[in-house]
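Two complexes follow with chain A in common, the first pairing it with chain B and the second with chain C.
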Partner chain A sequence: MKLKKILSGWIFIISLIFAVLGFVSFAFDFHFIKINFWTGIAGLLILSGSYYFTSIYYYFKYKSWKFIYLIIFATILIATAAIFIMLPDKINLWKQPLGLFDEPIGAVILKKFVLNQMIAILGVISASIAFAPYYGFGKRFGQRSAYILVYGCIVFTILPLILIIYQIVSNGMMGVTWSFLTGDITYDGVGGGIGPAIVGTLGLIAVVTIIVLPLGVGTAVYLAEYSERGPIVRVIRTAVNILQGTPSIVHGLFGFTVFVPIFGPSLLTAGLTLAILTLPIVIRSSEEALIAVPDEIRDASLALGGTKWQTIKKVVLPPALPGIITGTVLGLGRAAGETAPILFTGAVFFGAGYPDGLFSKFHALPYHLWSLFGYMGYKPVEQNAWSTALVLILIVLGINVTAIILREKFRQRF
Partner chain B sequence: MKRKIKEKAIKGVFFGIAFFSVLVIFLIFIFLFYKSAPAIYESMFGDINLLSSKWNVNKEQFGLWAAVYGSIFIALGSLLISFPLGLGASVYMSELAPEKLRAMLKPVIELLAGIPSIVYGFIGAVILGKFIYINYGTLAPNSILAGMLILGIMALPIIVSMSDDALKSVPKDMKDASLALGATKWQTTKKVTIPSAVSGITSATIMGMGRAIGETMAILMVVGSVMRIPTPGFDIFETGNTLTALIASQMGEAAGLHVSVLFTAAIMLFTIVTAMSIISDYLQMRTKRKFEGKE
Partner chain C sequence: MINKFKNLLQEDEICETREMPEKIKMIVEDFDLWYGDNQALKSIDMEVEENKVTAIIGPSGCGKSTLVRSLNRMNDTISSVRTSGNVWLDGMNIYEDGCDEVDIRRRIGMVFQKPNPFPFSIENNVFYGCDVNDMDVDKDETVERCLKDAALWDEVKDRLDENALSLSGGQQQRLCIARALATEPEVLLMDEPASALDPIATAKIEDLIDELKKDYTVVIVTHNMQQAARISDYTAYMYLGELIEFGETEQIFENPQKENTENYITGRFG
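What follows is the complex of A and B.
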């Protein structure tokens, strides 16, 4: 028992070292030996050999086939290597240098991906094997290792958000000054500020709100209050769902072909395009808010002699209002950050100034960021681009946080 | 009597408003077809081949295959990242997380979904693309790999929140029955909860993939807009193009048949995404019926 403990402890430490080495060599592109074709194959063979060894060892030790997948994995590795060795040189990607790289592609893949990760995987797997005797091979071991994976998943889901926000805040903060926020766009965005872009985005939000609110709430009222189950409702619902899934660039093309010939590229055109993009979000959340109002209230109003419309206007809509507002605000957050629909419908990079009416061209933050990105590498716009991204993300996340706070505040009134 | 007419009129108005979204979908389809008709006509009776992989505007070669391939390849690649991570995260949120943490995580995931795609693209190009450029020796800071990674991150919130809803909707009785039989929590999750929610999870995955295929700006900034199928086909270190990026990058300076070809690309895109969202909706409805016994 004691020997087993010491043994597994040592295996654990060694495999941890392997895991760290693998990670380091992956992250910093750092190699311990000169990698060419044959050392690569040798590494592969050693790796698969060790997998065979561990699985057979554990079979005899514990009479458990728990690690049979290692054998399968190792066999696949060896088979792949064998195929690559046996292929004639001429068509062998493994040995032929390929356009982009000076070295044979096989060596590149080995170097860049396989070997480093292999070491890391080897480390992790042997660590888990080393731990296995403590928990036994039963269900508790399974649960433990599964939960470790699940924890890893949630961490890697949240991590990007933190990294993105950290990067944008740390890089963009220096540039955000009062003169940047209010200044005009000058010198192709190199100097000056983003005042017109902020105003343009806010104006766009206002236009979208005015258009989308009656349409979205009206549709939701029809779906939630008036509709009986039937083909028409199903058609409307399917249409809303398709509209929700439609790529934003298709919305942009739609605005380009339908609204631009009528209104020209302008704030109104872009607003209409974005309103259609936002519509399904508003419809869905408003419908949910309306359905959440209990039927008893409706019945009470109807029993008192109120008409259907009076009931909706005076009884159903007021309590559903917070939900409707939340949905609309969420939709506006989406609209404020979209670039593709305004590419061809009125957003410009220079010369528009502050918007002076519905039919003027305008600046918008996402489009401004896109244009600055286009200049990166040619002109010193990097700082301005980061700061624009920061302001954009502040506005969009600000809108979203407002919506979430509203929802939490008014949750569960019934 | 007057009142009745008024009520009817109001109902009519609401119906009209509700029908607006149907109208919009209809109009989108009609206008896409109307605008792409010349290209489709040319490809049927003329000498352009929309499905070839040769793209050269000056020679009037309009083969969209490279973009279609890129769209599907990149979306599938992003799925490799977003599906396992998303499923794991949703299992954590629905099964393991304490109520307080869950109440905090849900809004955070929503915020992740709210970050504009242009910001994802910016970060993807400036940081991730550069990292791959330096470490993996790609020809340019743009690569398909960077696109897959960024799209994977972008599709995550949708997959997490929808799968979380699906897992949460599995009745507690079913889980309790499994636990009472002596199964561990993980065994219950693996053998009871996930299989019961499988159509919801599939629907979430399709939805996430739909978003990945429809994504424009991030791809445009990260993948490089080069109309060429990578050789070999699975080479993720090369640049590529997608239908969305193709439209967004070339619409500005297109004229004549070129415009029409771009609209054909939009039709392909719209068809793929619409088919996906219909399948996803159907699966979601099925889950709902299964657990709520509706209809």
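What follows is the complex of A and C.
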């Protein structure tokens, strides 16, 4: 009994180490933790050996085939190891060096992520299998595995975010200097800075806010407060949903054909196009915030002789404000990062300088980043690209943090 | 200035008028109400006497809340509602097209089943009605008068700027009553005002209603028969959308004319 506990505890720990190693190397690529090929194989063999031992030990001690599945699993592990050993070096990605920009992106992803992810998943599976004999089956085990599964989901959800931020910060940080932030954009993307692009993006956000806030909140107030169920509202709602589902490049083409002939390629044109893109987000979140205000306080206001508009203005909008602000700012964050809609409507790569009015062409961070991709592989441009990405992410992050702060500030409980 | 303009507008509106019997504040006359195809009130006839408490009792779903909400046209907010018949307030038909339902609601205050204070400060809650009706009154005075009338002044006088939601349920309900008093209504409608409260808070509300009837006409919906017997002067008994019996409370409880009323009052159903 004691041996059983020690044994499965031991397997559990080994498996956990593998799981952690796998996850860490997956998350932070191969820069500082590297599972050596032969170490990996040795781990697999140790693991499967201990599985064999456990199940055979159980058979002789308790005359039970309860852990027969461990034998099957161990065999699979050994087969995997054998396949890895027998693979020719040329196609065994695990044995090859890694580079990011000198290889097709597919191969890089496969090497960097898939193999490590596989180790991680193997580790998790091994850990949970070893977990079973350690704690015994039954309710408790079910409860624990459900818990672990749910946690696993969380990990897999935030992992990409951590990964993206880590990549961008580690690569972009050294390029972000004062001269980079304020410098002018050069014609070939080498050296210089992104000052005009930052100002352009901020200006764009301002234009979008001014257009989208009254339109979006107004529509939401109509939908939530004035409209009655019927064909008109259904049409409006469907239109909003379709608008939300429309690819952003289509918005860009729309802006190109409708707004560019009127205002020319300019900050205003791009702002209008982005506003249309953002509108559904603002409408939906505002409407939800308005609907969340309980009907009782609407009734209270009406019963006191308030008109419908007074009720909306004084009683419904204030508590809905945090939700409206959050939705709007999240929409703005989306707008700030969009490339396709500004592609045809006013953003340029070189030569616009700082925007000097609503009708001037402008630089914007996402478009600048997209343009720099054309030079990828050339190190100085690459550095600029990473740093631009970092600044863009910081701006979007800043917008979202603002949303959270504003929401907390205006929060009212019911 | 705005008030003058408003009065000017209202004088132009022609409301149907009629003579009212003495001491009668409101008359409900052959009143029907439908939610879509479902008839909730069936030709109700009822009178509300001035400075008295009129209770409406009946089993759940009998239409008593619907009736009381019809008295200040709160049912207008539900789009599927249709009505026919008249409700007279001081000789004026409030269901006439020319009648301004917003002004009607100022004159006929309402307290709801669930305490529903606005999520802002206590004094702004009380003053809200004066604010939206552009009433030319002193804020501090009004707040003090209404809170005193609602027997809440002593408990909240030191924290008038606190959020109304920090009050207890019973205090919130009395605040809602104070809020309804601020617009100087003539009639006060109460839709089961004590059903969400504990016995002590209920007793306070009942005492309050007794005080209020000196200045106001009160119509109260309740499914608590003892409460109706304790506080009301007149009682209306409703069943399945019909007004089965209406009369003085004593008579209804001690000597009901209809068998249905007697069954309900003696607790055989409901």
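A few points about this structure:
Here, the second predicted complex is superposed on the first by the 241 of 414 C-alpha atoms of A that agree within 3 Å, B and C clash if a C-alpha of one lies under 4 Å from a C-alpha of the other, contacts with A are read in each partner's own complex, and residues count from 1 in each chain.
Following the convention adopted for this analysis, a contact is a pair of C-beta atoms (placed from the backbone, for glycine too) under 8 Å apart; a residue touches a chain by one contact, two chains touch by 3 or more.
Owing to the predicted nature of the structure, the values given are computational and were not obtained by experimental measurement.
The partner that reaches more residues of chain A, of the two candidates chain B and chain C, is B.
Once the two complexes are laid over each other on the shared chain, residue contacts for A:319 go to chain C alone; chain B is not touched.
Applying the stated contact rule after C-alpha superposition, one finds that A:307 touches each of chain B and chain C.
By the document's definition of touching, neither partner reaches A:191: not chain B, not chain C. In the superposed pair of complexes, A:396 makes contact with chain B only, with no contact to chain C. Comparing which residues of chain A touch chain B with which touch chain C, the overlap comprises 307. Across the complex, chain A is touched by residues 3, 6-7, 10-11, 13-15, 17-22, 24-25, 27-28, 31-32, 34-35, 84-89, 91-93, 96-97, 105, 107-112, 114-123, 125-127, 135-139, 153, 156-157, 160, 183-187, 190, 207, 210, 213-217, 221, 231-232, 237-238, 244, 247-248, 251-252, 263, 266, 269-270, 273-274, 276-278, 280-281 of chain B.
Here chain C touches chain A in the complex through residues 72, 74, 77, 79, 102-103, 105-106, 109-110, 112, 114, 116-120, 128-129, 131-133, 163, 165, 176, 179-180, 182-183, going by the rule given at the top.
Residues 228-229, 294, 296-307, 310, 314-315, 318-319, 412-414 of chain A are the ones that touch chain C when the two sit in their complex.
Of all residues in chain A, only 29, 93, 99-101, 108, 112, 139-140, 142-143, 146-147, 149-154, 156-158, 160-161, 164, 167-168, 214-215, 218-219, 221-223, 225-227, 235-236, 238-250, 252-254, 256-258, 276, 279-280, 283, 307-309, 330, 333-334, 336-340, 343-344, 366, 369-370, 373, 376, 385, 389, 392-393, 396-397, 399-401, 404 touch chain B in the complex they form.
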